[in-house]
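What follows is a set of notes on a single structure, which appears directly below.
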Amino acid sequence: MNREDRYAYGMKVLEQVDGEAGQRIVDSLADTSPELGHQVVAWAFGDMYARPELPPRDRQLVTLGVLTALGGCEIELDVHINAALNVGLTPTEITEALLHSAVYCGMPRAINATLTAKKVFTDRALLPLTNIS
Amino acid sequence: MNREDRYAYGMKVLEQVDGEAGQRIVDSLADTSPELGHQVVAWAFGDMYARPELPPRDRQLVTLGVLTALGGCEIELDVHINAALNVGLTPTEITEALLHSAVYCGMPRAINATLTAKKVFTDRALLPLTNIS
Amino acid sequence: MNREDRYAYGMKVLEQVDGEAGQRIVDSLADTSPELGHQVVAWAFGDMYARPELPPRDRQLVTLGVLTALGGCEIELDVHINAALNVGLTPTEITEALLHSAVYCGMPRAINATLTAKKVFTDRALLPLTNIS
Amino acid sequence: MNREDRYAYGMKVLEQVDGEAGQRIVDSLADTSPELGHQVVAWAFGDMYARPELPPRDRQLVTLGVLTALGGCEIELDVHINAALNVGLTPTEITEALLHSAVYCGMPRAINATLTAKKVFTDRALLPLTNIS
Amino acid sequence: MNREDRYAYGMKVLEQVDGEAGQRIVDSLADTSPELGHQVVAWAFGDMYARPELPPRDRQLVTLGVLTALGGCEIELDVHINAALNVGLTPTEITEALLHSAVYCGMPRAINATLTAKKVFTDRALLPLTNIS
Amino acid sequence: MNREDRYAYGMKVLEQVDGEAGQRIVDSLADTSPELGHQVVAWAFGDMYARPELPPRDRQLVTLGVLTALGGCEIELDVHINAALNVGLTPTEITEALLHSAVYCGMPRAINATLTAKKVFTDRALLPLTNIS
């Protein structure tokens, strides 16, 4: 595959997983660092995300863990909470994953991530969650 | 103690330390992750904060150090700078603690934390500090 | 449940998930901070880990993401890579999860976590992996 | 040099490197932690930045790497992307440095830093970049 | 004060607080980066640590919080747990501070810091702690 | 370019920059996560490192900043301090870059990175540095 093919393939993966929210980040990079946008699409999605060794739902669980632990990634967490819903994680599973991460990276990171989830769930009219304990 | 008792006890500790600001974070979690709110109250405050081995003022010094170092925790730092004032740290001691942390986690984290302190001190009409060197 | 019951229940969960490796960390804390050991068992495992909202395999994926991103947690990552194997993740799924995390927290953290996985897989005579691409 | 001399000397260095943006951060600290402002000027710029062992352009490359990796330092990154332009790094070199950092600290930190660069470049009417691949 | 005076003054402060352990770190830097050793002594101890706005015991509580949260600072934590003992914190207060930090930066960081405390307490024949709950 | 070509090209770049030390990390991943080794070579070096927008010396300054700030990356820092020497940074410039980073990520991270530099400089018989202030 040449450079354009790799981009086109990655974009197909990105669209399935992240939908519009991912596209918006790539667009926002276009006038400042188109190469970063290219690498997000061609490498992160085309090369890495597309590998069959781990299904999309599992990848989002790992990603939620990483982004919650890093902190300061609210923009990216917004995209990936949307992605998590797109690939079949329920809102309850998502909030539970963030709650679980509190054990390992502390309450503040878990609270920040949960408030980002609240924003995404509100945008998608999923609140209040009904089957939560 | 059962689950409700643990929550009620933790809430009493939280009210003494964090006041309204802590309550607002718990409230903001209610429709998305009530269990995270429960754990903040019942575990973080009821189990951990209430232990007699370290007085509240000492706990806030540790907490200021942790939150400044983590970065990206402005919401939580706001709560805990309020808490620090509530348990007897003076504004000068708080800014000195944040200044001190610059040695260990660098100037940017200390500046960010100090700008959060500035916001809290402004809300509580404590500025300008008068007894500072 | 009282304090002892909560510990006993958490220990049962810890044994199922972490096996010996988790027990060793708790033991290593016994003479210095038995309360930290208690909280790992009674809270992290008894209260958090045991919740049915997310199955153990999913929890380990989140945990691998968090620990890889944090860095400097080789001791804990060792325990949780063992735990990941115990709850049904294959070695290939584990290394793929760590590879995936490289997109979000960079190559060095992913390399460090993978070298810890190598150590665990070696201890359990799982190398070389055979079904990897 | 006494305390005032050290401050005056540091301020001269800060003005050459950071220009107005650095001054604004120091001003913002004046009523809350004037000592932190003093240390930024007298120590960070007067003692450290002014050393001849590394020229200003090299220092900004290191600083961009550190601030991108830390995350949550958008205020400081804004100052130092301005500083990078002031000491002779081109917009293309700056975005390339941020792209490069993605290898080591992951895509989200690189995206966040690039979006801060976009803001600075927009303020200085440098967009769209024309000589980028 | 000139450069030598600032160093001499800082060294006096360092000796009171850190004792031998701090001196060893400065010595270890002598052939590679004597200026870093100088800044640790003259700036971190002479300028920052010596300020009267916060007593040494309070500074160690903040420092323990910062170093626990940062992670990967076992060498420095060793020095500062020694320092904490030197300035009047009891072993129980130190382990409680590290336990408290678990709420904010998670269990793994608290465990790592506590295992460093265990090493220091063992070196100083302080184990087992007797007045712990 | 196909997958093998991309690897071969990346390996040529890696050899020029990192020399043996980089090769050893890739080798160490071979039985556990060959794909991570492939991505380090084909993507990090072949796609990213090889871009002409920033020369190798500048890339190492950014990399030193990122790795120092991340912490816990001693293995990778060892490789990249070797790489920094290979692409023309002097030992004095390297230690100055690490000293400079102390302003932004604190003394402990700078000390840890400097002790890694000390190890590399010792291995390459470069100590004591003679032209340092």
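For clarity, chains are labelled A, B, C, D, E and F in written order, and residue numbers in each chain start from 1.
Assume contacts are C-beta pairs under 8 Å (C-beta built on N, C-alpha and C of every residue); 3 or more make two chains touch, one makes a residue touch a chain.
For each chain, UniProt lists the protein as follows: A, B, C, D, E, F = 4-carboxymuconolactone decarboxylase.
The model shown is predicted, which means the values in this text are computed figures rather than measured ones.
J.: State which chains count as neighbours of subunit A and simultaneously of subunit E.
T.: B, C, D, F
J.: Return the chain whose centre of C-alpha atoms lies at maximal distance from the corresponding centre of subunit E.
T.: Ranked by distance of C-alpha centres from subunit E, the top chain is A.
J.: Superimpose the Cα trace of subunit E on the Cα trace of subunit F, which carries the same sequence, then give the rotation angle to the nearest 5°.
T.: 120
J.: Compare the contact pairs of A-D with each of A-C, A-E or A-B and report the one sharing over half of them by residue number.
T.: Copy of the A-D interface among the listed pairs: A-B.
J.: Using each chain's Cα centroid, which is most distant from the centroid of subunit D?
T.: Relative to subunit D, the chain whose C-alpha centre sits farthest away is C.
J.: Measuring from the mean C-alpha position of subunit C to the mean C-alpha position of subunit E, what distance in angstrom results?
T.: 30
J.: When the C-alpha atoms of subunit C and subunit D are each averaged to a single point, how far apart are the two points in Å?
T.: It comes to 39 Å between the two C-alpha centres.
J.: So which bits of subunit A are touching at least two other chains?
T.: 35, 39, 43-44, 48, 51, 66-67, 70-72, 76, 96, 99, 102-109, 132-133, in rising order.
J.: Which bits of subunit F are touching subunit D when the two form their complex?
T.: 44, 48-49, 51, 53-54, 58-59, 61-70, 76, 92-93, 96-97, 99-105, 132-133
J.: Taking the complex as given, what residues does subunit F use to touch subunit E?
T.: Interface residues on the subunit F side: 71-72, 95-96, 98-99, 102, 106-112, 114-115, 117-118, 121, 127-129, 132-133.
J.: Taking the touch rule as given, give the residues of subunit C at its contact with subunit E in the complex, in rising order.
T.: Checking each residue of subunit C against subunit E gives 25, 28-29, 31-36, 39-40, 44, 66-67, 70-73, 75-76.
J.: So in the complex, which bits of subunit C are touching subunit D?
T.: Against subunit D, the touching part of subunit C is residues 102-109.
J.: Could you pull out which subunit A residues touch subunit F in their complex?
T.: Its residues touching subunit F are 1, 35, 39, 43, 47-48, 51.
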